[in-house]
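Next come two complexes, and both contain chain A; in the first it sits with chain B, in the second with chain C.
And now, the complex of A and B:
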């Protein structure tokens, strides 16, 4: 009943033996404190930004209760995706099975919330007690007029990346290409894959696409509407943003629909420009390419002019970079743009290729963070004494105890950092963080030692 | 009301294992180990971290597919051993998850078996808390874990240390068992109040010195601050025990039965009469009079009640919270003339026998949204923001998680001064 793991294309990747390489193929040891997450979490990261559908978690309260509405993926329309919906599996369900409860829940949610579709997430406990989520979804779908889509992602299947991939499979099998109406290719249209509109990142990029005459079919899945996703196969190009975990999806779309794909990133001036140029090239439109080359040059100049003041303040600062997965290598060049040196860098959930790419971009003298636990992270900070830390929110409060400026680049942040506008916001925020007067107060000894009273 | 729906919509429940984590976080030198898959601990870390704005040390046995087939018993043994060797904690606290309880890992036999294989771990205290998801919410997980902490650690002599001599002129100790409805700020205030009656206190667990958000912290994945292991050993010397919140009654009764310590359960510390009762009990037990400072605070509260009686009275208020907090805040509001027209608890609670001044149902925040349209105020955790937004009703944040208002973990809503603050916070939202 589980997604066939060989389908997930893990087997053709040998484990990267480099120190600090993400342990994608390795299991976390019990008790070692790796602080990673599970397949269910990975699936919800990818699917839950779809705005006008209901997301029902068939599991005990620990799965949905501790986690609903906790990511910064934003919507321009429906807020239905932010609802926490769960069957809240209880003791009796464990004993007698939860299938009846699940089916009734699906029907009730369809009636009350009027979703465009319902995604049903299997979890460790529902899988263990043998609930056939696929079957129940088929049965419920037969009684309803909307798709009911099962996502087989019990946490014990592995870490977040596997969940990401499972979600990609689900989109490919059950959503993309299911639209009624025309299947005709839409010229100059793209899908942005792996863009979740965290803090409105997507909206920072849309104006540039629009100015160039490129049409966004859909993001997968930031601010995505279900119907747009169903027509995702009509796009002329897939652009895989930063993350590798949805590579399978774009490969399969290439085979079935003939949609080529490129990789790109909208973090930092250089990467944004390069991505826009690559899109224009891949869309194979000379006019567009000419327009793009002129456009990015102008935008680069404007942006560099705007951030010049910030760069002066940040230049030669020493940073530690530690990311969850996406945007690792992209962040390296973003920091370089501001003249910031990276003392040490690491990543937890990236693919080995992304990791290698980050490593190549970094100064050879920079240290790779090998121990990715909180303790390892703190040890590096104590050793390196950086001027600033750029990392995911998970380590934020720990980093604050070291009294070092910290910028959250993960899903907990409030501001968008993508595109040219995002680069300005990033530079502005980073400067505010690094130059905040509070760090001085935090480092001042009190009461002062004798002899230092008059300072 | 019988449950109309088969699903939970916008649950206000947190997992019992999250409650267990919270209790463990109040014990110094403890390493918390969740027996489950990695997501279980990841979600708890995130949830507690965005509430407290603190790093949350929580380890995991990281179960994968094969452990689901063959059981996680060996994983648990390995997890305890690895954690003990790698991080050298003073205590290990283990809690179970829905996954491991469903396939029925026996944690006790795993520990016995490990200690046979590893005699060097014989003296390392390991606290086992059974916290499957179906027992309720955060409150139930916290409650069970405090009980396990007391049963495992109270009075156990630490072989490494010589037993402490008790000086005869030393202030007598009392044990405080705060429920999870009290913030670190509340617990701090509570300790001060009890101190002012001439007592030393042993607080189990003590979040006021671990999760109070102070700037000093070492790079260690174990709890820093909180109840000391030697304080657990000294619990039998306590002259009295006070448990706070109905859910803590059983833990207090355990100390009473095992060590003959007089036990008093204080269901609420918020509100005039609740505080009156507590201080009268303290005065009686200690033989001391109520300190002048507290009487002054009482007189200020009385004046506030008079000044604002009109604004406080006649409001319709909807509350959705964990049972003990719901009881505390709800009874305080009834006492000043408000009406609790909707009261939804996250779980059944501990089958309370108290006559509540309003009726309570178990419910989620979708139920709150369906039933609170006529109310003047919603009191719920931050997740209540969806209901409050749809209904356009002001929303007072309380409970856990509170992630979109500053300073909740530092709030003091207990005692006379805290009650006054709670009423001010309420009034400022009622407009």
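And now, the complex of A and C:
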């Protein structure tokens, strides 16, 4: 087992900032662990769900070999985005430069894979050896009829959030607003920013939007088609669903195109309703607002009725919640809806506002998880002995070793949890997770032994 | 729109496209290899209380951990020193020293297995000198062993990284060979083998044959750890004591060839006896393993093993008609391919396309001569250095009955409308396969079961009522 020290013992004890939240998005300390991904991964996460384009990684095999087709972002059409395209930088390229290789690869993709655009990702190696990815993309684009867009996101720039942000800038600079046709505003249309259609989340929300007469211009970027993204500036409203790191994008869109933005979440009954109502309000359509108020009331009743059985089974269970972004607070109310108490909550990659919102929603007695490393996580489990853990997949197998039921709510999951329909799926899956008979077998001592414990 | 997609897809299935695809020079599509540091991390997990430490950008380490974790469905421990832009300018020494200090304080390892990812390699960090400085400054105790390997991902593949780390670990931990202190042990090195059950199978066979042995490295208890209610960060691995005594081994037996050349060369230079055999897959492959071990012990092969061999051969006779004459495509690492192809040839299966992204000239020669020597190998071609997009072209233009490879092959198999039997790494869409051995005589049974039952299942699900039968 670990020594009793955790990451926090290694640094200044005063890690709580003035606002009373832990230092969020704190840089990883060298040697503390390896949970955090990099800027390159962050950019991929945001852009990779764009379905009908090619995503070319200009890097050694590590960057693409380990990450092609590794997220559950679903597409209703083209599957091109899942193809693992890379220049596979080798030693000779490191010595002589990889620009020629990159150019040839781009032209090859354009000729044989029929993409609407090509996104080219720089990596640590391509940046360090001085390949000018921007220049090569411009050159290639001049020879082609499709956009070739460079994404300058070498991993060494830092955490995932930085990469998210870079991806937002790229969309703003190179994609949004580049459509050929009309620039006219489309009434009652919205963009969902930070919705990546993981496990088909988006499709859980679409029916409600449709029923209310709200048109989805595009999600950024779940199940997105390149042409729809180019016209994203025609939407009447931006709804920031997740990923605060895309705030820069909506702010800039507000300035350039005059599109207002609101924040929202489609996790849980309350937040789904509230978000739909806020959309209606922000769209400034009284008729829509009236329709929405009636609609959400009906949906809430229906959904609560459907999940009542699950609620009975889950009520008063004790949970640890560990997630990031909008889910930080949205999951608190989702779990509360099912009668689940939160013993401790923690967050990674969240902003202080997200954190404060979570804290307000939680029971004051609930503990804040400050140390987000594996060591800290295990310590909390040992102390709190929760009935269940709701978190991202990275901690799943750790939790299993402690015989604690675990539900993955990040990109590793296979089922959609967004919207009213998603709430039902969530309740059902959580019930199956918590009440699985396997936990019972695990807890039975065999053969009965005397007080032997791990050191 | 619809027609456009269709035309493209049809075109992808043509001979014309195949030729264009094979003319591709620079671009790699759907690569079937991982990188050096992933192999190094895997290797480092197999030593008692060894902490894998990635000197480089933090994202790399997160990728390796998640790839291994998804395959084994187990937690995987590793740390990174999270180099960032400033390290690119000033070098990674500060990160390395602080990282070693923190890692040692937090995780109390018995050995730190330090390896590099690209960033450190491109800027030319001298990890040896940095380590010296770290110890001098008291960041970690002088006596804490730190094994080192340079593992740039732009050179070789995961099997190269495995090899480099293994050599680094022996170099760091083993005391010099002393002719009067030679121990009586056979050190068995499994190579980049991701089947925890293969390790258990080796150990079982060695025990049955009454052999004093050390499995080096041994990830079986680390990546297939029992659930005992608490998380154990270091649940197993080759003991440090056995590592210390490695150069005094009576002999080394390597059961993989292409994932271990650097380590073998190092042992040769230390005058350690080294034997290398092909991965013991199939009857002949396993026979060779048993013979090598028997030669080492000087004892007869126990009856238990002869009986086991007999049962596997009996299973081969029961099932030969389902494999004989069937056409196969395969992809994977060199050692695995040699083993699986030799098994197919034993059963009369006909390999047609063999794709090896991380091929070497020696492997190519060995594979081609094995194919040439068998009547069932005549129709086979080895495609060295090709990727899974090439494989797709091969499958749709020159159809076969089955694809054998890891989960990454599922797209190509789907497009070609043939079943995929998952043998290799990573397997992220099926459960427990690493818990069944593919080596040894019991491995023969398991492979027959997997391959034949997949064919039969396919037949049952697709046959009309007329040909739907109780007996197959």
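Everything that follows uses one rule, which is that the second predicted complex is superposed on the first by the 418 of 455 C-alpha atoms of A that agree within 3 Å, B and C clash if a C-alpha of one lies under 4 Å from a C-alpha of the other, contacts with A are read in each partner's own complex, and residues count from 1 in each chain.
One rule holds for everything that comes next: contacts are C-beta pairs under 8 Å (C-beta built on N, C-alpha and C of every residue); 3 or more make two chains touch, one makes a residue touch a chain.
Computed from a predicted structure; not experimentally measured.
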Clash-or-fit label for the pair chain B, chain C on chain A: clash
Touched partner set for A:435, first chain B, second chain C, both or neither: neither
Which of chain B and chain C A:83 touches, first, second, both or neither: both
Partner chain(s) touched by A:308 [first = chain B, second = chain C, both, neither]: neither
Partner chain in contact with A:379 - chain B first, chain C second, else both or neither: first
Contacts of A:397 with chain B and chain C, given as first, second, both or neither: both
Partner chain(s) touched by A:114 [first = chain B, second = chain C, both, neither]: second
Touching partner for A:186 - first (chain B), second (chain C), both, neither: neither
Contacts of A:294 with chain B and chain C, given as first, second, both or neither: neither
Shared contact residues on chain A - chain B and chain C: 27-41, 56, 59-62, 64-70, 82-91, 94, 101, 104-105, 108-109, 112, 124-125, 128-129, 155-159, 373-375, 378, 393-394, 397-398, 401-403, 442
Complex contact set, residues of chain C against chain A: 4-5, 8, 17, 20-21, 24-31, 33-35, 37-38, 53-54, 56-67, 69, 73-75, 77-85, 87-88, 95-96, 98-108, 117-119, 122-123, 152-155, 157, 225, 227-233, 389, 408, 411
Chain C partner contacts - residues on chain A that touch it in the complex: 1-3, 5-7, 10, 27-41, 56, 59-62, 64-70, 78, 82-91, 93-94, 100-102, 104-105, 108-109, 112, 114, 123-125, 128-129, 155-159, 373-375, 378, 393-394, 397-398, 400-403, 442-443, 453-454
Complex contacts: residues of chain A adjacent to chain B: 27-41, 56, 59-70, 79, 82-91, 94, 101, 104-105, 108-109, 112, 124-125, 127-129, 155-159, 373-375, 378-379, 381-382, 393-398, 401-403, 412, 442
Partner chain A, residues of chain B touching it in the complex: 5-11, 13-15, 17-18, 33, 36-47, 49-50, 52-55, 57, 59-65, 67-68, 75-76, 78-84, 86-87, 97-99, 102-103, 132-134, 137, 215-217, 219-221, 365-366, 383, 386
